[in-house]
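Labels run A, B, C and D following the written order; every chain starts at residue 1.
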């Protein structure tokens, strides 16, 4: 069982929480905590053997924690997701394979694409695929997506190389639920054509960034980043090709962290307790 | 103030320790713990603001911990070291520079070399240098080193590219006090000429390993390791040159971890609580 | 068009080769060469725009090169492969996905497994799967595999987590044609259970190695290696899980290098001209 | 002997150059070339055994190369440098140590600092140190620096954590001669306080960039970059401390590349032929 706590910091929190759990016969097998002294915030992730009274646990914790504490107790950490794609297959295929072999830590409810390109791979894995073409009318386009999402229960929308910018209205429906993979080491090269920007600038490393989507394009809280070496010999298409490997890896890692309840968000940043 | 605890594991240890500290008005600013379930061992490193009764703390901790617990309370984490070298300068110079600028986390008491090569750099930094030539008589050679060490207080002997194999007798005098940098990714290429071995084997990565020295050559507990890419274009001298950079970095990192009281040893392995 | 040359070194080879190509109106778009001075060997990989007389090119090159030169001219670098597996899906799924999207640089002719586990994923991608159970009779087991391979044209056998040791007889049928992914940073932890070995030794990095298979188990020429950080918190199953990611990446990279005609073998080592 | 060539590309350049060298009995031991097809530029770096007529070589090369070719022949690749610093020691100390042990590939003529902090370390290594205090009058400050540089021959000015912004006038005196280490992964976090910017943005990697200095602050051609992982637990001072290690390593690497005549500049980018 995973217990996640985010609250105002104060002296003695670890003692209070661990004391309560010990008293109720929960055996802590893993505990990670972080304090942001500037923000005066306390973050904790616990894995415990569930042998005590789970029913009353949240209430008992709330009694010993500062007012306004966020407490999540997840006996079943399996999440549900919807994946949005355009034409590039690499991130989607990785997600579909892990989903099929039950190592994703989440189940893919459906895939929504604005091109038909990736329909076949979804069907081969028995995952529903919805085509929503991006016509000129953005509001209608997004409404079509919303209509599909309403057919499913889900925890997260994963933008697996979904190449359309989502509106404020759309994003605000799903606060801290949308996860995107951006093909640069943000904040360098935000916006369009990051590999072309990287090529023009002559950088010696290219990267990828998985982040929550907020109103500001490419400005949401960063979950995971990684880079690979680049040099003068790489053309823009070479960078695109090399980048796919790292985009796949970074998104996979970010999703694993989120699905494992390891990511906390505050002040447009994340705390990741591994 | 840093508190380090290593003991048999049992349920409720975190609660007991954090409860005791809270009760005595110590504010925990950093806490890391690890449990080896197989070995049934508990490891913890705490940083606390010292506002309570330090005098009685160790005794109070001992009362709530299992019998045989190792407890270290270090109000002053500054360590003292003696460095042993042969001819290569890179690790020694890095240590001397950090020592001079007081960022090493330890003070260098003296340097012992079996060649005169590095005497001048020591003297430039006002660090005593002792020449102990490695004649045929190994016992006498080692006794000469021991005689010098006896003039100083020290916590660790650092073998900063000291190219002589130390005897069982010597090593057993300083259990878990001797730290060595080996120029390979151990356990690959233990023993002599690791870069030549790496070249012959055609590996695509070369590495360095910092470890405690035990009786078994290159078999002691590993503290830190790192690698860099290698390829067919590197000759053995090229590998030696490239390796120096990583040897310097890995030894620096290992020393920092040890001097910060972050390294626990058991079963020929280390737990490193960062 | 790709031209690959391996021969005894002598002064003026680059001038002779590039002169010949210029004279025959081949435009060199990429040229990489390497000389092993110890072995007195010359290696070169060229990409040229095919505008001249390809028919006579090999003969023309042979005239200007030392006797015994290996020359390969590949107008179509697409390779054909057969994949051998046991139960673990990660490497196979990656290969199947790239094969399906035509980014593998090779086409998968069939998959042979000694367990039924991975049959379904193959069928979903319309790739033939053959079950060859590993009974007590190793010779019969291997003969069954040979019989299947004889139905297909292929350039390479890829052991994508195939967990059986192949006999001398089997390996010698396919010299420098079998590529294996080993789940350690060879030569460390050759043989069985490398992650358990790594755990016991307490290493701070774990790795994966793709190599050609020769008679000596895990001793063949290394094509690619990579590592990821490890620490005391990883159990053996944690290492297995983390290792899968890097095994997949290293095998993918090695295959790309081989399929692109970038890997030369000599003296149980490889030259990789990127 | 190192030969460096940069010119307009055309078919047959490699054949022409290697043919000329072969004819004149120069033995090529290393050859690297790059073509930027978009810019139609050819770059080549050769290492040759000097056995022929060096005197006439540049003229002979010029005859076979396109008009306007840049040709550099360096029988002695040892460079001369002047280092500018403020208060931080890490990059300077690394340079001084390598200079002292003659592994820098250049000789340090003098050090100029706008604080006295680093005078002592220079004197310990017998390197002249000049204090030039940054008063309100920037023009006078820079003139004082220029006056000192005029006492020495030098190839490069190295800004080893020199924390003052140099004027257009100053920079234009030394085109592509000034090398700076910036403590971020440019173009992310250009300008002041990059670690604070990185902290605020919550990035998961921090980096360092060595680049030529041009008029645009932090916008010059990038020579080398590298990153290290970061996470939520790092405060700004922690990042500063961790960053010093990578700043030192990246500047060392960039200087080695420049001093080895491996770096070509064009279009605000570099080609690095290793």
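Keep in mind that, in the parts below, a contact is a pair of C-beta atoms (placed from the backbone, for glycine too) under 8 Å apart; a residue touches a chain by one contact, two chains touch by 3 or more.
Everything numeric here is computed off the predicted structure, so don't read it as measured data.
If you compare B-C with A-B, the chain pair joined by more contacting C-beta pairs is B-C.
If you average the Cα atoms of subunit B and of subunit D, the two centres end up 35 Å apart.
A separation of 38 Å divides the Cα centre of subunit A from that of subunit B.
Touching two or more other chains at once are residues 37 of subunit D. If each chain is drawn as a node and touching chains are joined, the picture has every node linked to every other. Considering their complex, residues 34, 36-37, 185-189, 201-205, 207, 221-227, 231-233, 267-272 of subunit D touch subunit A. Of all residues in subunit A, those touching subunit B in their complex are 11-12, 14-16, 18-19, 21-22, 27-29, 31, 33, 35, 37.
Those residues of subunit D that touch subunit B in the complex are listed here as 89, 93-94, 97, 100-101, 121, 124-125, 245, 249, 252.
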